[in-house]
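First chain A sits with chain B, and in the next complex the same chain sits with chain C.
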Partner chain A sequence: MITLTPERVSPTTNERVSALRVRILRDPSFGILALLVVVCGVMAFTEPTFATAGNLTNIINAMMTVSFLAIGMTVVLIAGGLDLSVGSVMALSAGVVASCLNNGMPLAVAFVAALGVGAGIGLVNGLLITKLGIPDFIATLAMLGLAGGFLLYWTAGVPILGYMTDAYYYIGGLRQIAGPVTVPMLLVLAVGVAVSILLRRTTYGVKFYAVGSSPTGAKNAGIRVDRIKIAAYVISGLMAAIAGIHIAGRTTTVPPLIGNGYEISAIAAAVIGGASLFGGKGRVIGALVGALTLTLTRNIINLTGVESSWQAVVTGLVLILAVLANQAWSGIARSIGASRS
Partner chain B sequence: MKAPSSVPVEAQRPAEAPHLRMTDIHKRFQGVQALNGVSLLVRGGEIHALLGGNGAGKSTLLNVLSGLVTPDSGRIELAGQEVSIGHPREAQALGISTIHQELSTVPDLTVLENIFLGREEALTGKGSLFVNRRQIARRIQDLAGEFGITKSELWRPVGDFGALKKRVIEIVKALAVPPKVLILDEPTSGLEEHEKTLLFEHMRSLQRRGVALIWVTHHLDEVFGLADVVTVMRDGRTIARTETAELTPRELAVQMFGGDATELMEAADAVPARRRVDGDDAHPRLRALNLSRHGVLRDISFDVERGEILGIAGLAGAGRTELVRALMGLDKLHSGRIEIDGKPRRIGHPKVAYKAGLAMVPEDRKQLGILPDLSVAENISVSELGSVTAGGVLRSRRERALADSYIKSLGIKTPGPAEPIRNLSGGNQQKAIIARCLNTEPSILIFDEPTQGIDIHAKAEVHRLIRDVAEKGTSVIVIASEFAELISLCDRVVVMNRGALVGEIRDIPHRVATDGYDAVKHAIIDKASRADR
Partner chain C sequence: MKNFRSGAARFLGIEGVPILLAFTAVAIGFALAVPSFADGDSVKYYLNEEVPIFIITAGLALVIIAGGIDLSVGAVLGLSAGTSLWASMHGFNPLVSVLVGVGTGLVFGLINGLVIVKFRLSDFIVTLGTLNVAAGLLVVLTDHVQLVGTRDETFLGLASSSVGGLTSAMVLTVLVIVALHLVLVKTGIGRRIRASGMGSAPALVAGLDVGRLKIYAYLVSGGLAGFGGVLLAARLNSVQAGMAGGYELIAVAAAVLGGVSLAGGRGGIWQAALGALLLVTLKQGFRLMGVDPLIFSIITGVCILVGVIVDRGARRFALTLRTPQPVQAPAGELQPATSKGR
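The block that comes next holds the complex of A and B.
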């Protein structure tokens, strides 16, 4: 064979830009984001209090807890699992922080203890699922009951109070550090960027997608499937602990049932953001968009004076709508991608 | 990267010591002795064919080597050192790479990610935590390009592609990091001629570089052109290890199946006696008129007579599967009409197709055909539950009796009708699916790649079965990628190219007698590929 002049190896700028455009367009959270922009636009015109700095800051502050949980849930969903225990783990971590502080321990020790509890429960979840073969749904449902029940027994049903310190007011987000900016906002940003880099830019992150998409294929490729799954649950446990640290600082009391229902919000946010219950799909940015969607919905319900008993109904409808929007969008996006190659 | 032919030929054939030696490997699965003292000896720079019928234990042996199965006993030595392989990761670390028979790509990852998955170290540099996808893409895009994967396709999820491309992706994955031992488990199934040729060239190039290649195939003709040594397995044992040069195909068949099976195979190879096809009825059994589906099928018309075996030839992507899917009501037709026995039928759903007398044995047995966890009996009765119910209630005794009769008449090898079908070998699963179709008493039976992935013995049996069905008056439509199969099986072959019918070869048995086999084959290939590439 005759050697030809070496072909261009790097894609042309044009190709690169169009590849990037396809990737952004194909991202499922793009459809939701477009929807949110429209909704916000309409709200800004119809509801004068909506587009005020105060209200927007409220929305951001209110979405922090679910954001942490949703990031962890997204990691688990990507790896093909499901973590129902996050609400209880968050509550238990919050309880651990509060009682550590009440016992005179420094803030750092209390936080490390809470993170340890979260990671530990995540590890147990992972081991139950991978080593004992208990289905994800069952193992984490059991842990939801165990962790929640333990907190209830431990506190005898009485809320934990009086643990707040000056620094904790900042960390919980009740005091701003500069303008409207609070520590939780920076923390969500930092955690989000870190997990996103882990998932999308490291050799380790690809394995989560591989395990969730096809455990057999992943094993054949030489991946230790069990370890990845366990790691996903540990990450989810850690995120729940961070959410617990945050919520204890924000509410200044820890009632034992503080975590009730949060697992549902976390799953909803992750799924709205494009994570799949069948594994292999999901992004951190999607989780944040999902958390924003849920919080925005609640905010709009409050502002427009819809009776609060309708809140759950509306949230349910939003979930269905959001997922439908995702599906419609990925259908459109696929045809864009296909016509391009 | 260079083309395979540019690899220096003087690359020394490495040491004579066996590269891989497996000794006395035993493995038992739930009462089944899958491996019963198997030994395998492969030298570096050797293409070693591993042959045997379905259920001979080849796949288990390969799984031991690739770390998916831990043997009960036995010894594995690599380059003279004993090794234990407990996980695919360890196999890879030892330089053992596998192209799996079952597609094992990860659908949600991109082609690129699939290729580097599990080989990050080799492709991104040791200890590097971050992946630079663009850099890896540059490293592999020439290799990928040789196999027809474009640069932009590297960035698309594997789930977007069909089975054929997935196999090619697996091949590129295995070649991306040059292995020391390469296992190829039926790597060519479903590939087109030029892709096969390319793969063979790569195999030779790896051979010249001293790689030990272990190659499982059901195509004996390929073995004689390529393999240096053949090891034959039967019933979990090694039967013989022979230099290919000292073997004849007949001896090989005897090694694989014992003395009695060769007759059956020869019967299958022989061109059947001229069969008459009743064309004298007023209406053909099936008449398709101007069938079209946007972008897939273009204005297709053909007839099938009673008792006729009609073959559909064409390259991958020509629209063969799409055509039969539309006939079965699995995909929508945008125009055209279908007549069965002269009556026009609208088939919008498979249920309607069954009612109209159509049945299909689908292409991908594992994904579309079998219900893996259900029993053989349930798999057979599921399409026509009316045959095993009384007053709307399922009668398991009837179901078992029905299954028993098919097990006997089709020769399905199973411990019993209650056995989960996943435990059967490929050929026997295929027969159970055929039984399911026969149980709907179809007047038109469609086979999409009926013998893919089953051994030549089972293949001969499936061919005989298809002929029997046609002999009894059922019209048969067969899709097969192997032209040899179509020519030996069909009364008539229509050829598809880019969604349209582009030709027809009539009176095949007669033609083979007069024009010769190769002339007919070339007539088909010519029509199938004209104006295509």
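The block that comes next holds the complex of A and C.
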């Protein structure tokens, strides 16, 4: 990790440009961001409804759920894992919150219960993967079936209704606190900054990168690889629980299949943001850029009058293209880096 | 005593024996608990219903043996059911309708294989993407309502004609499983596919075109998912969006229960089919006992975990059998390769 030292006396323009080039090459989310700006520019001119304040707020509000999941997924990917269970865990946490509220428990208790469920499932995922040596995607695929199946069995397939309270409308982002600002926006910001600081500014966070880029090296350096990996899955479970708390407020009902397909969006967002499936790479800001990309794609599909039934197709294609671009990007960056030094 | 123990261990070590024992135990247990379970007609009925599971499990097993994974099988099955029924409803003759369905599967298999091999992308991410694409295309095709009602008797007869007391769908499924088993065990290409799944480095040294063999496996898996879809469409004569969603989970569980190792190279088609038999029998048994069928997804999840843990235990056990004088090996040595990079 190279940080530009502020002491450097006024770098020449050439130096600045090449430093920027290196940073952009290291971080694919810069490229995606540039692409987004171009796409938004085109949309602003061709679709009059696109650049309205209303639509832009819509986009921001719609990207919140995936943002939470993508932040958690990024942490897991950095540590060299993968979590397919996030959608199911989110749905189960939403169900836990809703039924706690229906049973007359206070909001705080319901939230703690949901967070407990998320962290607990994350812990189980981590233990299955590190202690029993089950491949990441199989353990979390099984957990996807388990958590989703449990919610389905528990609710007998019937949506949970009637738990909304005044305060919950704010948490779901259906009511604004000031201007267009909603609670989920502040929450994403807070969570994002917290995880970002953890990952980039603490020794503990650096261990996640170390474990992901080289488990053996990390082990030899005295890092307790298993613990870091378990921690990553617990963080992902917590993020899924927060997403569940949020989505229960946003949709005002919890149908048992509410989380279906969210794992794909979360992985796509994280990978678009520069996280690598091979571990050791990824940033919180990238995850947010990825979530924005996915949400923008959906919004554009809607505005341009393409039938909404194409959404799932597009999300699938975006996932594959994102992985492809990610791979190509690191290939290019590597070859340029090699020729430079 | 020691002889007996190692004999029993050898017996259990024979491929397919554990799953066969597990299935027998479960079947006897249900037969004792619920008398109606062993009724011939009801057995035939539920097996006929689960034909698609057996077919995609066979295809998926081949992909896993070849060292890959195919999560798109369920969604592709649903989409192929849709395209073939659509063709039949629009007056195409039965043969064309079948080809449309199987062709849909083959196209997805080809895309999966090519993208994974040529761009060296992670197999489960690519197939997770195509899962979404196929499921989404089915939504588009059914236009949010269901496709219902071809009047083509030949097309419908494909699944429900009676052949020697069984339905044609069941007979075709058995044929598929036997054929795929023979290809894997008796032919050169089958042996090469298994060898390539055992590990890329030795296979490359042996001069195998690992990539091409993997593409073949994905083609077979896609084609079979397409064929399973045709049979499903012919049996139900209706297709709706979301059909066969989650089947990939059941197929993975079945393959893993049957002893197909996710590490690649080990396991067989009929063992995987037995895994599917165990799963659908559990489903049927619980249904007859009055347990909410919604619990099935939990059972499937548990089965995947149990299957993988047992497979790992069995591999370790086999290692201890092979070395009668255990040397003091460092603790980390028996660790299989991690899942990193998959």
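Here is the rule we go by: the second predicted complex is superposed on the first by the 287 of 341 C-alpha atoms of A that agree within 3 Å, B and C clash if a C-alpha of one lies under 4 Å from a C-alpha of the other, contacts with A are read in each partner's own complex, and residues count from 1 in each chain.
Keep in mind that, in the parts below, a residue touches a chain if its C-beta (ideal position, glycine included) is under 8 Å from a C-beta of that chain, and two chains touch if they have at least 3 such contacts.
Given the structure is predicted, the values throughout are model-derived calculations rather than measurements.
> Does the superposition put A:Arg224 against chain B (first), chain C (second), both, or neither?
It touches chain B, and chain C stays clear.
> Quick check for you: in the superposed arrangement, does A:Ala113 touch first (chain B), second (chain C), both or neither?
Touch status of A:Ala113: no partner.
> May I ask you to decide whether A:Leu36 touches chain B, chain C, both, or neither, giving the answer as first, second, both or neither?
A:Leu36: touches no partner chain.
> With both structures superposed, pick whichever of chain B and chain C touches the larger number of chain A residues.
It is C that touches the greater number of chain A residues.
> Which partner does A:Met164 contact after superposing on A: first (chain B), second (chain C), both, neither?
So A:Met164 meets neither chain B nor chain C here.
> Using the touch definition from the top, say if A:Val206 reaches chain B (first), chain C (second), both or neither.
So A:Val206 only meets chain B here.
> A:Ala156 in the overlay: touching chain B, chain C, both, or neither? Say first, second, both or neither.
Second partner only, chain C.
> Once the shared chain is lined up, is A:Met143 touching chain B (first), chain C (second), both, or neither of them?
A:Met143: touches chain C, not chain B.
> Quick check for you: in the superposed arrangement, does A:Ile267 touch first (chain B), second (chain C), both or neither?
In the superposed model, A:Ile267 contacts chain C only, not chain B.
> Need the overlap of the two footprints on chain A, from chain B and from chain C, as residue ranges.
279
> Name, in rising order, each residue of chain C that touches chain A in their complex.
69, 115, 119-122, 124-126, 128-137, 139-140, 143-144, 245-246, 249, 252-253, 256, 262, 292, 294-302, 304-305, 308-309, 312, 335-336, 338-342
> Which of the residues in chain A come into contact with chain C in the complex?
Chain A reaches chain C through residues 80, 128, 132-139, 141-146, 148-150, 152-153, 156-157, 215, 260-261, 263-264, 267, 271, 277-279, 307, 309-317, 319-320, 323-324, 327.
> Across the complex, what residues on chain B touch chain A?
Touching chain A from chain B are residues 3, 5-6, 66, 68, 87-89, 91-92, 98, 100, 102, 104-109, 113-114, 116-120, 124, 128-131, 134, 138, 141, 150-153, 155-156, 160, 173.
> Can you list the chain A residues touching chain B in their complex?
It comes out as residues 1, 9-11, 15, 19, 23, 201-204, 206-207, 209-210, 212-214, 216-224, 279-281, 334, 337-338, 340-341.
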